[in-house]
Amino acid sequence: MKQIVKAAFVAAAVTTAGFTGAMAEEVKVGVAAEPYPPFTSPDASGKWVGWEVEFMEAICAEAKLDCVITPVAWDGIIPALTSEKIDMIVGSMSITEERLKTIDFSDKYYNTPTGIIGAKGDDFEATPEGLSGKILGVQVSTIHADYADKYFGETADEIKQYQTQDEVNQDLAAGRLDAVQADAIALDAFLKSDAGACCELKGNVADDPAILGAGVGVGLRKGDTELKDKINAAIAAIRANGTYEEFSKKYFDFDIYGG
Amino acid sequence: MAADSGFLNLDLLALSPPGWGGVLLAGFAASLQLAVGGYALGLVIGVAGAFGKLYGGPILRDLLEIYTTVIRAVPELVLILLLYYAGTDAVNALLVMVGLPRVDISGLAAGIFVIGVVQGAYSTEVLRGAINAIPSGQIEAARSYGMSPFKTLRRITLPAMLPYAIPGLSNLWLIATKDTALLAVVGFSELTLVTRQAAGSTKAYMLFYCTAGVMYLTLTLVSNQVIARIERRARRGIAGPV
Amino acid sequence: MSDTKVTMPAYVPPPPRRLLEPHRIFLLAVFAAIVFCVVWFMRWDWLPKYQWKLIEGIGETLFLLFSTAAVGFLLALPLGLVQVTGPWPLAWLARGFCTLIRGTPLLLQLWLLYYGLGSVFAQYPEIRQSELWPYLRQAWPYGFTALMLSFAAYEGEVMRGAFAGVPRGELEAARAFGMGRFTMFRRIWLPRAFYRALPTLSGETVLQLKSTPLVATITVVDVYAVISRVRQDTYLTYEPLLLLALIYMCLTGILVLLFRFLENRIPSRGA
């Protein structure tokens, strides 16, 4: 322990440049460090782009916050929030009972149904019977992983968990998976890409609000009410003044906010 | 057959967008920073640890033994996950304890800390072995000349142990460069992670993974050349192979 | 010594250490207190639910460890041998292979094998009709291959040194006895090199154990993947990882003891 303490001091000394100081009112926004089109993906210049990035910029401008995007591994994004590596999560994270035990959420800012896709020519339905004997892929730590466990755990041949959604899609295209369960909007983007030409939507799964939650919200630390109030006010403001609609039009031809 | 989305579409590697070369180079630079910082921190811990193990009191020695044993018995991946989150918490808890404000610790600082703590355990062992290999007469001679312990360390022990330590230390440097790849798992934007993102965005998996492989390999080969030079220099005045 | 002015006491090697010195008892007490705090104040109620999965995961880890180490070692023999005595194209190839594998991170190799080849399958659907497809579809063959090649490259380097280090005189003696090349290799060169390499095998196997969790990133369910699952289900950060560290420490300890036992069983003739 003494050694670790010593090391901590040395680390602090060696990398003073790495510290950004606590005076600047900087808010570190955690995004999943993976391509997740059309919401958040890195582009060839190293910048993050997508609908959710524009959403974040809009609420940060509205709430006058100095937001910095901080990519974090998806399966460690909640620990990163609680250990204060980041201050909020803008990562298409659905508001669920389970997550509310550990972190807090803002009001919802969009909503997506849950879909299942599979190879063209392989006809099945997005039901427990339809998936019997299939190999289903999901991303870890998602509502889909929980949902698949509960509803398809018995019937599916195997449920494989991947670290990123992009790799789930890739393995479906490679034929290692028979089906993929994920957010329908993100799946739609994949199906429209070249790599998604192999596959088609088999349907949306039956809703289970306890697992699938009630829309996507900004993940926040428990007790960080000041930030939560600011974010909620900003979401309401950009919804009211048309900013939300304006940047959403660039990506979707339907109302992503949902009912 | 989308052949041009495959292996040979070298345009994807162009340095400016739409090529991903610039992103890869930035990731490579981040990997290098991590490796250099972590290795340096590891060396500092290693020197302190080696002396603690050789000359420290019984409690310090036992604690160091626990440190090196535990670190060397647990996979780096697990240590990185543990230390990446716990390390930040520990530093902040410590700062609060001594009455300083909490600080934001950047991913880079946390990454260097993690690599440094892991490397420190190995370099402790390497340096301890090297110090033990110095003929004890040399140190006794320094003492009989009336040199202070610090002067003995600076003028005798450190230079004399170098030839024994260099093979182990250079091996550790090569391990450090490769261990940085594990930080991809916590989402630190080093070479392996940006490669994975570039590959996922463009679907040109083979191209990007092979390119990153070539970059790592180049680093290793260049390091080997430099190490060979340093080794030759450090062995001046030593007859025959050590 | 008595008539010179010594400013510092001479270095005295520490006395041989016994297990239970007074400070050890103190340390053990502190350690017990820490363990008690960890057990008492952290959450462990998830353990019973996952215990069977954990045991299965440990099994998968050990299976991967021993199978890749065994096959990798068999591959390391020719890799080391041709570098010492083979014709230059083979020696060059073997050296290139070792440099390539040892010069790049295992994680990258793993992803190249799994996702890189996966992208090839996506382009050539004919592969899916082949006999091998049921295996190519699963994740463990890729994990096995990457780990095995890595072990072969590192151990191949060791074997190269071991083959080169067998004293020439012994080989000449064998030839003088009229042994053929193959008999000499089988009866003298290989066993002598093997004995020389044996002490490093323990360390290499521990390193291999520590590489196995990487396969969890390509969906192989080893003990690391099970713990990741626990972390994801319970939202606990430290408890599962601490248990995982403990599991790996036990496995490492058992491996080290096992190799020590084996090394004592094998008669060494001053190798």
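Should a chain be cited, it is by its letter among A, B and C, assigned in written order, with residues numbered from 1 in that chain.
We take it that contacts are C-beta pairs under 8 Å (C-beta built on N, C-alpha and C of every residue); 3 or more make two chains touch, one makes a residue touch a chain.
For reference, the UniProt names are A = Transporter substrate-binding domain-containing protein; B = ABC transporter permease subunit; C = ABC transporter permease.
The shown structure was predicted, so the numbers you read here are calculated from the model rather than taken from an experiment.
Touching subunit A and subunit B together: C. Set against one another, B-C and A-C show the most C-beta pairs in contact at B-C.
Most remote from subunit B, judged by the distance between CA-atom centroids, is A. Annotation: 33 Å between the Cα-based centres of subunit A and subunit B. Look at where the CA atoms of subunit B average out and do the same for subunit C (ABC transporter permease): the two points lie 20 Å apart.
We define each chain's centre as the mean of its Cα atoms; on that basis subunit A and subunit C (ABC transporter permease) are separated by 36 Å. Shared contact sites, meaning residues of subunit C (ABC transporter permease) that touch two or more other chains, fall at 115, 118-119, 217, 237. Residue numbers of subunit A whose C-beta contacts span two or more other chains: 79, 83, 163, 167, 170, 195. Of all residues in subunit B, those that touch two or more other chains are 2, 63, 81, 85-86, 185, 196, 203, 205.
Considering their complex, residues 115, 118-119, 121-122, 125, 128, 137-139, 217, 219, 225, 228-229, 231-232, 235, 237 of subunit C (ABC transporter permease) touch subunit A.
Subunit C (ABC transporter permease) meets subunit B in the complex at residues 4-8, 10-11, 14, 21, 23-24, 26-27, 99-100, 102-109, 111-112, 115-116, 118-120, 123-124, 206, 209-214, 217, 224, 237-238, 241-242, 244-245, 248-249, 252-253. Here subunit A touches subunit B in the complex through residues 1-8, 10-12, 14-15, 18-22, 26, 28, 32-35, 41-46, 70-74, 76, 79-80, 83-85, 163-164, 166-167, 170, 194-195, going by the rule given at the top.
Taken together, the subunit A residues at the contact with subunit C (ABC transporter permease) in this complex read 75, 78-79, 82-83, 98-99, 101-102, 135, 140-141, 145, 160-163, 167, 170-171, 173-176, 195, 198. Considering their complex, residues 2, 5, 16-20, 22-23, 26, 37, 40-41, 44-45, 48-49, 60, 63-64, 67, 81, 84-92, 94, 101-110, 112-113, 116-117, 120, 185-187, 189, 193-194, 196-198, 200-201, 203, 205 of subunit B touch subunit A.
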